[in-house]
Amino acid sequence: MTIGIDHHGPVSLRVRGLSVRTRGDSPALLLDDVDLDLAPGQRVGIVGHSGAGKSMFLRALTGFCPDSLDVQGSVQLIDGSGEIQELLTADTKQRRRLATGAMAISWQNALQSLNPYQTISRQLGATLRLHRQLTADEVRSASLQWLASVGLSDGAGLLGSYPHQLSGGMRQRVAIAMTMCGGQPIVVADEPTTALDMVSQAECIDLYDRLCAAGARSLLYVSHDLALVGRLCTSVMVIQDARVVESGSIDQVRTRESSNPGASTRFSGILLAS
Amino acid sequence: MIMRWQKALVRQLELFFVSSVVIFAVARALPRTPMEVYLQDRGLPVTPESIEALERQWGLGGPIVVQYFRWIGRFCTGDWGTSIVTGEQISVAMAQRLPISLAIGLGGVALAALLAYPLGMKASLGSRGWDLGARLITLISQAVPSFLICTLVIDLFGVRLGWIPFFRLSGAALVIAPMLIVAFYSLGQLSRVVTAHAEELRTEPFVTAAVARGFELNDLLWRDGRRPVLYGLISTVIAKMAWVIGGTAIVEYVFAVPGMSYYLIKSISSRDYTVVQSYLMVLVLWMFGTRIILGGVLSWLDPRTR
Amino acid sequence: MRIRLMVAAGILGVMILAFSLPHGDPSAVDLTAVLQPPSQAHPLGTDDLGRDVWALMAVGFWRTLTVVVTASLTSVLIGVPLGLIAGYSRGAVNAIIMTATDLTMIIPTFVAALLVTAVVGLTPFSAGLVLGLFGAGTYVNQTRALTLSIRSYDYVRAEVLLATPTVQILLRHVLPGVAGPLMRYFGSSASGTILAYAGLAFIGLGVDTTVPDWGTMLYRHRSQIDHPLLLLWPTLGIFLLAIVFHILADPALRKEGQ
């Protein structure tokens, strides 16, 4: 799928002044003037309370805001040769196509993200074929590889199964495989561990860590839990009341918070890993 | 899956027998018994003796429980009695008329379902025009009586334009117009069901997840939305099956098509209750059969129930 | 949506007002004034027996409205309580109610109505009762399903643990939850009732022919090609009244599949 920039190589993301408003007479500000730079391979965590605007940021970034909202600003994808693709000037359909070509996106309910009416092989295969031209054999071997990479050993057996025949844990892993198998250089994940217990959370984080490292993929990881983000990302951006109130490397943010607890950041509920 | 099938079968059998008891009881409770009708129609005196004689002749005497078992036993072996009015074998008469009613009712609903799928999908995914069109069809089918449209069709195509001699047709040609009208009357509701399910699908997690992976929403719904939408459509069609034989009564009546419901109407007006009884039993059998078959189709569609 | 409701209420209001105005005797046959065009004495003219069409329309309207009200009340008053009971109890009671409901869903409502009204006579009440009785099935099923699901909610479970009397639980918690969806179903079944009644009158078994219904009028005049107005008025009446209820139901039709 050639869409302007080359997304088979490294791609960086540059966001300037991204804002989201409701339309109408008295527009409410849902996201205010957010900037972000994401270099290839870099991992940024986005934290904040529920409703602060984290998910809104991701949706505006990827072109999945409903038409009833007004998105302003600039979102640019820059490939290895310096070619720039501005997302917000394209229409909705084009924008999504560009975004999904360069970014592997995962919304919140991973467990229900599988199509209950199709076998795993069919869904996984369709996703693989969406991004690359593959023969039937190539699809099968790629599917098995991806299943193995998320820690599922009986790939062949799994492929012929329907989602309801798998355990919750297996479904979680298959969902991650489906998200990642497109091979996009940027991974965007919106609270993938919310519905999971502690053990599964740890496994999930571990998977994201390994898979992103293996493909040298950059990561935008949204969570309300700074501790989780800390294990995965090097930088963090804190969003509160629709604005970025803090950003920098994890250590910087921690230092600032511990030396001046609550003062600069005002997010009292977020615990810092010690 | 086998267990479920067996359970469904048993349930339908239960219903069949309960229905037969109810139908039997209702028939016995009617004001004029078949014997009285028979005697009165022939101008014979209605006396307790003559009634008893007839009862014995027709094997209808004895305690009510015995009567029931005699009747249901005969029914299950194919002896449905004879029509009081025409004297012909009811089972034969019904067998002749059933195919016609099924062609009209079943054919109409099947045609409607076939058309409702693309219409409903287009109404959800395509331009507003499709949606408005589907709503208009639904509106007409809910506000204009079918007998009126039948009358207008006969009036226009039969009388004024003289294209189709409605009352002199025979064979397969008889059922075309009624079937088309039945189809029209089911199309609206069925297409709205399809549209409703397609709309619901849009917000299903697996659909939004697939869109996030890069699939186009409309393509996705057309291709992969088939099963869940069909599930909803067929469920509704099952519910409509009860309507297939009985609801086509008006259409058969206006077009004077010799189907089962036309037979029923004539029998009700001539108080031929043995025919009415058998008709109701056929209805029950019909529902029995369709529920089993279509229920099987439903569980095949949803892999979760396999 | 508000506009729709206002339009529907408006049409209904106009019809009620119009048909409440004093009108002539609908059964007054006058063979000297057959098939007259609209005039001051007869606002819509006369039919083939010299009867005042306007009066006939009025009578038909009130009868049809009676049928709708009777049928709806019957369905609700029978269906909802049975559904509540079936949803709340187990075993035999539940089984009996479900079987009875199944029976009414197997026999098509129209056939049942044909049968009953042929035997007892076709009046707005008899038709309303039968149509209502056989239409109650859906109410039972929906109420039962909703009761079952509401029953499993935590706050209801809490009430049970607190030994609140069952009736109170049903009335306070279950009933409000059930009311909404049923209101929507009511609209679409009402227009079906109107058409069914017209159909029964059209076929005419057990009908009292001195004062024809809208359906009967359509039957009488079905081949009056030269006097299409006689067909138009009852058609319009049925159409408008059915639309009123259709409008009330439609916004919900998008969500209500089955």
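Per-chain residue numbering starts at 1, and chain names A, B and C are given in the order in which the chains are listed.
Here, a contact is a pair of C-beta atoms (placed from the backbone, for glycine too) under 8 Å apart; a residue touches a chain by one contact, two chains touch by 3 or more.
What you see is a predicted model, and the numbers here were worked out from it, not measured in a lab.
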Any chain in contact with chain B as well as chain C: none
Dominant interface by contact count, named by its two chains: B-C
Intercentroid distance (Cα basis), chain C paired with chain B, Å: 21
Rounded Å distance, chain A centre to chain C centre (Cα mean): 54
Chain A-chain B separation of Cα centroids, rounded to whole Å: 53
Touching residues on chain B, where the partner in the complex is chain C: 14-15, 18-19, 22, 30-31, 135, 138-139, 142-148, 151, 155, 159-160, 192-193, 195-197, 199-200, 232, 235-236, 239, 242-243, 245-247, 249-250, 253, 261, 264-265, 268-269, 276, 280, 283-284, 287
Residues of chain C that touch chain B when the two form their complex: 99, 102-103, 105-111, 114-115, 118-119, 188, 191-192, 195, 198-199, 202-203, 205, 215, 218-219, 222-223, 225, 231, 235, 238-239, 242-243, 246, 250, 253-258
Chain B - residues contacting chain A, complex: 204-206, 208-216, 224, 227-228, 302-304
Chain A - residues contacting chain B, complex: 62, 64, 93, 96-97, 100-101, 104-107, 109-110, 112-118, 126-127, 130-131, 162, 164, 175, 178-179, 182
